[in-house]
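I'd like to ask you about the structure that follows.
Each chain carries a letter (A, B, C and D) given by its place in the written order, and its residues are counted from 1.
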């Protein structure tokens, strides 16, 4: 059965953190953006999230700096994870590439990638909205790889990021 | 078919606003909480939401003050709406009652109620997380009435609000 | 000499916390505003304040609930304090009354009362602006009792709160 | 008389905006910090500031990029301004240099420079605290040039920025 309707005792969900704008912070001594610790625990607290979520930081990098070895690490961690439902926080610039690596790996799990256009550390971030969105999609979508951005879930092979507008859209 | 997998051109989604803590503001002249305009448009902008969302404010009240006539108004608006997918923002105190009124009405639509424990106007609100969550559930769940809180979706007849902890949980 | 121009090693400044809207928080279980701990330490950190500040919470109440005994407590604490420069955070509703009690006590110290129209816990608070303002006035003004609100410093006997607008103004 | 004690009808205060971290914003399309419009009006509204403030943006640049011509522009604008009390928002990296240019110009006005270590657009900014601080110092300090940071006012020729800690301190 494809549908996953709500029932008691939600399945565990794995969250893999890889960095991206989602987790960037402002380094006031050097006047630049950088990574420290992930804000995921704080965001889950803010959302009063009562899911059985297991968090693991795989890396904290800008996705423009991801190499094949990084993507392989992500795929292998998804493969080895006990959980069948996985959310991955990721930079938006190459999110589609990582989604492709996961999609072609055929892992048979429900995997949702999400990120943010504005760092969570800012007041005007889409991070919290996207996190709520991704955690919901991952509970109800059938096995496959998806990108959750702008309120929507896109199948991994039917989406691109419009670099002019910063919005994710269907490939026609 | 029950499943609703992602595809292009998302269906329109109706959002009915009824108030609740979600939309409360601080009245600095009188030192109390009150309602002005809904923050939904601002929240959808913050989330960079690209869904086809239609917004309508039905009322702006604390759900503890809802009467049967208010609930009837909500049910009738859901019935008459063109959209088959509806999100309702609502106070958490009597969200289950309104969900019951909708559930027993058997409207054949996917209806998701959500709210917030802390006003969006505060820095520490769960509002944005819950909105992202509800908008995602409503796109994928089969027809029925649900409550989206704490990262989960509950069927309307299997949930209660724990008034000690402020958390929504399954009825055992 | 009346003027106090800047020099090295600033004098210690005492901050007495009495509550008021400045420190109110939202109680999500009961849906109301209440007091927990003061936010002063967090606000001083945010402002990267490097003054020699000593903090003490005298009470945490809405100033509408202040009685003579509370005002007497504030006056006596100011009298006994080692510091010659004191900031008091206070509800705005009866800030003028407490300023009068202090002014007529003739303590010979520089005392500045301040507060906020919107709780610091909200995103749209004047609290941080007023704190920066009060801490600056207290370093430079000659002995006397003042109210620092709306960017200005008012002598205690020449100010009132306009309850229509929530703004502090000169008594003509 | 040197002291400027509070009285009715505050003198007009000129604010010159020059940019700096104070006003930086996050450009989500290119993932970098940049300048758009100054946040000063919004910050004055947040602080419920009732001073007679006149705002003018002279430039919006990182102070590391300031050249002598920029500093000359600032000095000349201060000289020609009708107001005797002036606040200048400025990047912290070369604030001391601009203060020196103003100090040696001997304009006979009270001029206070301030800035922020973290952009106001972030949730954790010292901007609002520093603005309240600077606007208060400028009303009460005698003619001279000062830097208002970290809650203190420093005479222009007795201060430096500690680039390790990001804190302003006295020159021993």
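What we mean here is this: a contact is a pair of C-beta atoms (placed from the backbone, for glycine too) under 8 Å apart; a residue touches a chain by one contact, two chains touch by 3 or more.
Remember, predicted model here, so these are calculated numbers, not experimental data.
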Common touching chains of subunit D and subunit C: none
Relative to subunit C, chain with the most remote C-alpha centre: A
Shared interface numbering between subunit C and subunit B [over half = same, under half = different]: same
Where subunit A and subunit C are represented by their mean Cα positions, the distance between them in whole Å: 45
Inter-chain centre distance, subunit B versus subunit C - centres from mean C-alpha coordinates, in Å: 40
Euclidean distance of C-alpha centroids - subunit A vs subunit B, Å: 24
Of all residues in subunit A, the ones touching two or more other chains: 117, 123-124, 166
Category of the chain touch graph - line, ring, star, complete, other: ring
Chain-chain contacts as defined at top: A-B, A-D, B-C, C-D
Touch list for subunit B against partner subunit C, complex: 21, 26, 28-29, 31-33, 62, 93, 117-119, 121-124, 163-166
Contact set on subunit D toward subunit C in their complex: 1-3, 5-10, 43-44, 46-51, 117, 124-126, 128-137, 139-142, 144, 146, 148-155, 158, 166-170, 172
